[in-house]
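Chain nomenclature is as follows: A, B, C, D and E, assigned in order of appearance, with residue numbering initiated at 1 for each chain independently.
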Amino acid sequence: MRSAKLPFVILSILSVPLALMYLYLLIDTFTISEPGSLMPRGFTLEHWRFLWQDLPGRANIWQVTLNTIIFATITTTLVLLLSSSAAYALSRLNIPGRRILLGGAMVLHAFPSVTLLIAIFLILQYVGLYDTIAGVVIIKASLELPLGIWILKGFYDTVPWEIEMAAIQDGASRFYTWRKIVLPQIKPALAALAIFSFLASWSEYILPQVLAPGNHAQVLSVYLAGLIADDSHFDMALFKSVGLFYVLPVFALFLIFQKQLMNMYGGGTKG
Amino acid sequence: KDYTISVVAGGSSDADSYRTEAIAMAADILMREAAVAGESLNIKVEQRSYNNWDDFKQAVTLAAESGKAPNIVVTGHEDIAAWAQSGLIVPIEDYISLDSWPVNNIYPNLLNIASYNNRVYGLPQDAEARPFFAWKDHLAKLGYSAADIDAFPDKIATGEYTLYDMLNDAKKAQDMGLVEPGYGFYPRVSNGPDYWQFYTSFGGQLQDPQSHRLVFDQEAARKTYQFFIDAVKMGVTRKNHIGTPWDQWYAEVAHGKAMFWHGGTWHYARYTGKEGLTDFFGNIQFSLIPAGDRSGKANTLTHPLVYLLTDQKNDDVQEIAAKLIQIASEPRINTLHAIKSSHLGITKEQLNIPLYANNRWAMEATERLLPYASAMPNDTDFGNFWNIYWKGLEAAWTGQKTAEQAVKEAVTELRATMANSVIIR
Amino acid sequence: MNKSTSLGPFMLSPALLFVTLFFLLPVVMTAVFSFTTMSTATGITGGRYQISPASLRVLAGDYQLPELARQLGQQRYHIDDSGLNILREEQENTELVDEIQQKLSGQSFTQRRDLERALRQLNHRPRNVRKIKEIAEAFQHTVGSEPFDSADALLKAIQDSGVTLTESEQQAVIKSSYTGWHWSLENYRRMVSLPDTATALFNTLIYVLFTLMLFNLGFALCLALMTHYLPPRSGAFFRGLWLLPRISPPVLYVLLWKWVAWDTGFLSALLANFDVAPRNWMLNSATNAWVFIILINGFVGASMGMLIFSSAIKAIPQTQFWASDVDGASRWQQIRYIILPQLRWPILFITCYQTLSLLASFDLILLATDGGPGGTTEVWSLKAYHTALNNYAGNLQYGYGAALAMVLVVMGLVLSLLYLRVFKFDRLVSKPRIEI
Amino acid sequence: MGIQIRNFTKRFGQTTVIDNMNLDIESGEMIALLGPSGCGKSTTLFAISGIHKIDEGQLLLAGEDVTGKPPQQRNVGVIFQSYALYPHMTVEENIGFPLMIRKEAKADIKRKVQEMTELVGLKGLLGRKPAELSGGQQQRVSLARAMIRRPEVLLLDEPLANLDARLRITMRAEIRRIQQETGITAVLVTHDQVEAMSMCDRIAIMRDGKVLQYDTPEQMYQVPANDYVAGFMGNPPTSFLSGHLEHGTFRSLEADVQLPLPVLHSYSDQPVRLGLRPEHVRLEPQSANTATISFIENQGRELLYDLTLADGSVIRTIQPVNLHYGVGQSVHWDIDPHHILVFDEQGDLIHAG
Amino acid sequence: MGIQIRNFTKRFGQTTVIDNMNLDIESGEMIALLGPSGCGKSTTLFAISGIHKIDEGQLLLAGEDVTGKPPQQRNVGVIFQSYALYPHMTVEENIGFPLMIRKEAKADIKRKVQEMTELVGLKGLLGRKPAELSGGQQQRVSLARAMIRRPEVLLLDEPLANLDARLRITMRAEIRRIQQETGITAVLVTHDQVEAMSMCDRIAIMRDGKVLQYDTPEQMYQVPANDYVAGFMGNPPTSFLSGHLEHGTFRSLEADVQLPLPVLHSYSDQPVRLGLRPEHVRLEPQSANTATISFIENQGRELLYDLTLADGSVIRTIQPVNLHYGVGQSVHWDIDPHHILVFDEQGDLIHAG
């Protein structure tokens, strides 16, 4: 193997701005430096007080975190369920209009969700899911579907036909074959998609804010956004700390599951 | 009888907690009254505050569409027009008598601001004004004597000291090195009602008093736009001032980094609180916004929040809610909010409440500003109207367009967007 | 479930249901909205009929019925027998009715408030404000500005007030007094007529093109390639670092950029050492703003491509790298001839996917420059947001917003169809090898 | 259970891959489909198994028409070229899968899997995943899985292609033994003639979707229907020599070869191709036919010589190692007339010794 | 260009895969690395090519120490086990790749590719992508790609594993011819002994990262260093028989076998294993050793018999087709003493006839 020095140097240089930003973010949450000062000074844990005491007028951070985890987890599960079955049908089953459906999945992504919010609201309202976490979960999952379907379809394409044939020959139904034979083959892809959807749900702000404005199920993004609008008491360092608190779990998640996440690509074409 | 009354306040931070708590207190009083009268009444008040206006309005309108509107909404008066027309809210005058206490003690111009189509839809929840500020020490160094400085607000009120005089002083201060370039005149960092004050300073009018139609005064707009172009040209205001972070801005103005600026009465709380300015009156002079030129007049703008009553399709509930609003407007209760959040009172009697009377800022600001305060009109088209005005201002300010061009485009857009409902002069 | 023809629809249906309900239906509804005048003021679900100053203005202006408008605009309360009879019929407190007859008979009021005030002076006055209002209404001789739930009710009230309308006048009154939304092409007409529509389109083009090419594709590729050649551990570190912008909440992330770019920010502080005057680097000029907008969006956008490309490179069999090593290929040649050609499909996918993402996204721009300075960085989706969803004065224009959204939908649709065609995505669908 | 394929035609889009094929396989028989890559062997198997639809024709299993039936309803076991083991299951789960599908009792499955693994010699590997097995072991798992539900028909698609020579020999014997013991009807797809000959009762040689010859291995070896079949059978492969038949003598002027073929004295001036099997070509100093040794290949216990004739064409002979010829050496060669295969210009067999 | 491997050691993490290996390959020689799966053959190749780093030891090419040089600087051509063709390039581009990398003129590349494809018999396929080729064709593309820039060393990692028998024979000859013509030094990795024997000048038999024997094919076949080597060489494989040596006679009571070994009369009560090559085992009615035929495999021109002895152990014999024995028949067998290989308990050779 050849030396990795050159890419390392280039990458390091390119990453300096980003690294600096986040480094200073980290520093600011533990010090009392003024905004704009380059030299940090005065260590304090004051900005992290929200961890052990509720901020006045705000929900408990741990409750909010739990809500967020629940929200992200359910959304992820739903995305996995829906896209794994739909992608299989598109990849492997002989159904009319597969081409159009697959193209359609991509086109879906072209619909700007924010501008469709009003209509989405009306539908949720009609089916009685407005102002419920379930409603937000469903919408978020629908938004993530196109990506999920495309990614998983690529992976299904790489599963050897022979093992599916073998299972059918052994007497299994197509559905059973999918569940017990094919699905386990794309586990890496499912893991990747799961992590990706989790990240996406974790950072979702608009949907919970608009579609579940009730106080009962606040998520972290909404909690965080609540901190800025207060222009007379805006506490930048506190905001940064909460922001960091919000980022850290998913960052850790990425570092831990990076191997799995690197399986986002399952091929798809031979041309 | 059991009632659950929900009250939701927009744009509220911790300091504004009395916006909703006042209703809870009112409920307590109303229940006691009922008990004394031998009726059984049980009211539960649910409170909720939103920091963010957009989220708040979205939530309220969507909730209303889905039939889950909160009973009482605390919001800016400008929402009345749209919400009244859509039937989201009902006139409060249908449930309480305007001649009763304390409604009859509320400043009539505030009550006017809470009206639409000649009907009173809500009661003002607080008042404020948007003063012009100057750093006293810089004024002194420019050569103003202590007496001059004390007389400064009067000179402005009479129109003797204009916006362009201010620019010249700002330039001088910068040249003398009192403040850094760009800090001579240091306006609000984002769009807001404040920018209508300059339009008014240059003689602009927002609404035709007879027809109640919106008015776009081309000359006033042009002058306003030109004023900011000139400020940039003179170097006393930065071209890219809009978008400066609020906390940076607050820190700067509270510590004399700027010569002149403008803000809101509630800034007092921030300067003396979080920014740690101990001697406000020793350092800062405040006044009306100066007149633009000799033809205009000094002014300020108030942007009261109002208690609104939503349509619950149930008169009994609405009546209870209306009564709560009425009680919450009692001078004593309202003063809690006014002082805690550095807003101004809504009733005349508040001047006699010790908490209020002992607050120098509240008293002085009320006296100096409130009588001259105008407000934005309640009109369903006002939002559009405002956007167009602001777009022109921003384009001129940042040097994208000349004042004339900006006005011309604004007019084109006004014509295209709202044809009949706006008078273009 | 043995036949794929029956299993296929079965397995597709859940996703299809979700997509139809929460994706297609909203699009269709939005399309419908875009042909209406819907706003907060009109409500979404329906309207009422109300004689208001605005409706009278329309009646006088658009329908050329100024006299009728004047008539309807009058407010008049007259204490007369007919009103008293109504009260008696409704079995009101007779003492009160008698007192009214006694004290107020024959009087007229132009404001209800005045009548109510007069009523409140009476000895037998009701305690209840609502009651007083009801009593006052009995003496109303004009339509007033009360809203009516149906057109018929309004017409009847007008009739009762003594104004007779011709058929066409009736129609005019109904139309002008309706507070709900109505069908209209106005939104599209307005969009076409406004000068900054073209600007927004052009801005969108710049934004999408540059962000996509430079970052979502170009830089993402660089990241993927460079991390590929790094040892696994440092590769993971850099990928993690570059994923940070994506997982950070936008408000926080943009704040960090402001920390860099504002005049009290890092860049200014740093350059102060080289005698460069501090300035707001982000908003200093249109060019600067664009540079930052593209950087801000690009840093976020690159991570998605980075992930996909990295895993695609990982999927290339190691022996191919060995083979090309042995064949004498330098690292650059390896990238050029071995890696890139095999990234064709992921590159196409990312191009397609990210174009559409970019088209619809605006949140970072909103937070960073809010379209400034002076509207130079206002892209279409931001414009849609500004005009339709972010209205300080509370009257959100759903209809116009929907029209703006529809333009985006159509753009996205056309583009994705184009991509699907040009990139021959249909080749991706191969014939199933199990034919049952 | 016998298999009858009647007028079977299969098309993929425009191209006809199998063209009106007929094949009768008797119950308990093992036959081979032998042919070059792409000739339609796998396609035929897929049709029998039911994975592919049949465009035209009929398929009878034990006399019953199963043309329209899905694979699940045909009692057919398949061993795929790539084994198609389920990578996420252990050996035990792989083998037990067909029984689990049928919801047989856990204990039964365990017992049967036990039996089966002993039969195929996989004891002790039950807990492993396919990735942890050698090719040969995977092969045997695949075999066990196909056999465990006692199929009436066993289809094997190049089952030994991925094995090394030694293992291949063992597995050949093993598969054949199991097939014979259980009396299953089996179809083996291969392109290796040794495999086909050593394992099967009959062989069908295919080319371009058609069956060229369907016969026992001996018959096919000794009386190939045409030169293509002759070329396919025999290891090392048959060499061919073109020339003319004149009154009982084969002559090739260019190659300077003359071989007596007394049985065929009735032909005159007939252009023919001779098929000469290397094992029958002798190095005979007395012979008039000369050649030059152009290449020697050591095959362990024998040496394979390439003999280049005057016109550059090459024939081969296989000889014991104890002869010591070198490359470039000139030799004399001969062959018994009754070992010569004679084909006409179209390649059809005229005579086999 | 000769290759010297000196004290080469390679570890993957904790496990030592190659343990202090030494190998001298002369210029122009073709040697085979022969051994079972996982013994370290590919690892050795990767070390020579420079793809893997060497943990300890040295590698000399033409006497020059290239231990630290990257693959790009060694003129070595490699044919990978899995071919490692570039899937996105046509055959032409694949083969031309090493030349394109060197920025040779387009026309030159075209010409050389043309020549090369004729050499390996790929004419007419130049426009295809690897996925559209059969295994054998891919193989040949890989060969052509490795050869086109005239490497001084050619490394072949199981280049023929995926070919059918006929093609394999042709390719063996072809590769050997090209190698000899061009004088390239070549290392062939294989686990097929026929391949190793037929193609190479010398063979290194490896096991567990060690070279067991390094010799010419004949020598290795006739004098294998131990039973492992003996088992590896020969097709069909050597059968083994355990027993005792008593004063010039081998005896196995359990198997009821007695074979005279007069040369080894000095040993007494020595436990030994005999290696019997099938081609030397004769069916001799006069012999006292009996066995039962348990399986017959038709190998075309010969039949391979499994002979089961009294204790169940099996030896094999290969016989011409004209003998007609059946399964289950009892036969007598014998072998010439000078064909018997005798190994001691450790498996080391005591005597080769």
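Basically, a residue touches a chain if its C-beta (ideal position, glycine included) is under 8 Å from a C-beta of that chain, and two chains touch if they have at least 3 such contacts.
The UniProt protein names, listed by chain, are A = Maltose/maltodextrin transport system permease protein MalG; C = ABC-type sugar transport system, permease component; D, E = ABC-type sugar transport system, ATPase component.
None of these values were measured; they are calculated from a predicted model.
Relative to the centroid of all protein Cα atoms, the closest per-chain Cα centroid is that of A. Top-ranked chain pair, ordered by C-beta pairs in contact, is A-C. Here the CA centre of subunit A is 54 Å from the CA centre of subunit E.
Chain centres here are Cα averages; for subunit A and subunit D they lie 55 Å apart. Subunit E has its Cα centroid 92 Å from the Cα centroid of subunit B.
Distance between subunit A and subunit B, defined via averaged C-alpha coordinates, is recorded as 40 Å. Of all residues in subunit B, those that touch two or more other chains are 53, 58, 65, 245, 248.
Shown for subunit D are the residues that touch two or more other chains, namely 51, 70-72. Residues of subunit C in contact with two or more other chains: 2-3, 44, 264, 344, 389, 433-436. By the touch criterion stated above, subunit E contacts subunit C in their complex at residues 46, 49-51, 70-72, 76-78, 80, 82, 84-89, 97-98, 100-102, 145, 149. By the touch rule above, subunit A contacts subunit D in their complex via residues 160, 162-163, 165-173, 176, 181, 184-185, 187. Chain contact summary for the complex, subunit D toward subunit C: residues 50-53, 70-72.
Subunit A contributes residues 2, 4, 7-8, 10-11, 14-15, 17-22, 24-25, 35-38, 81-83, 85-86, 88-90, 92-95, 98-99, 101-103, 105-120, 122-123, 127, 138-139, 141-143, 145, 147, 149-150, 153, 157, 161, 164-165, 168, 173-175, 178, 192, 196, 199, 202-203, 205-206, 221, 224-225, 228, 239-240, 243-244, 246-247, 250-251, 254-255, 258, 261-269, 271 to its touches with subunit C in the complex. If you check the complex, the residues on subunit C that touch subunit A are 1-5, 7-12, 14-16, 18-19, 21-23, 25-27, 29-30, 33, 44, 222-223, 225-227, 229-231, 234, 236, 238-252, 255-257, 259-260, 264-266, 269-270, 299, 307-312, 314-315, 331, 344-346, 349, 352-353, 356-357, 359-363, 381, 384-385, 388-389, 398, 401-402, 404-405, 408-409, 411-413, 415-417, 419-420, 424-436.
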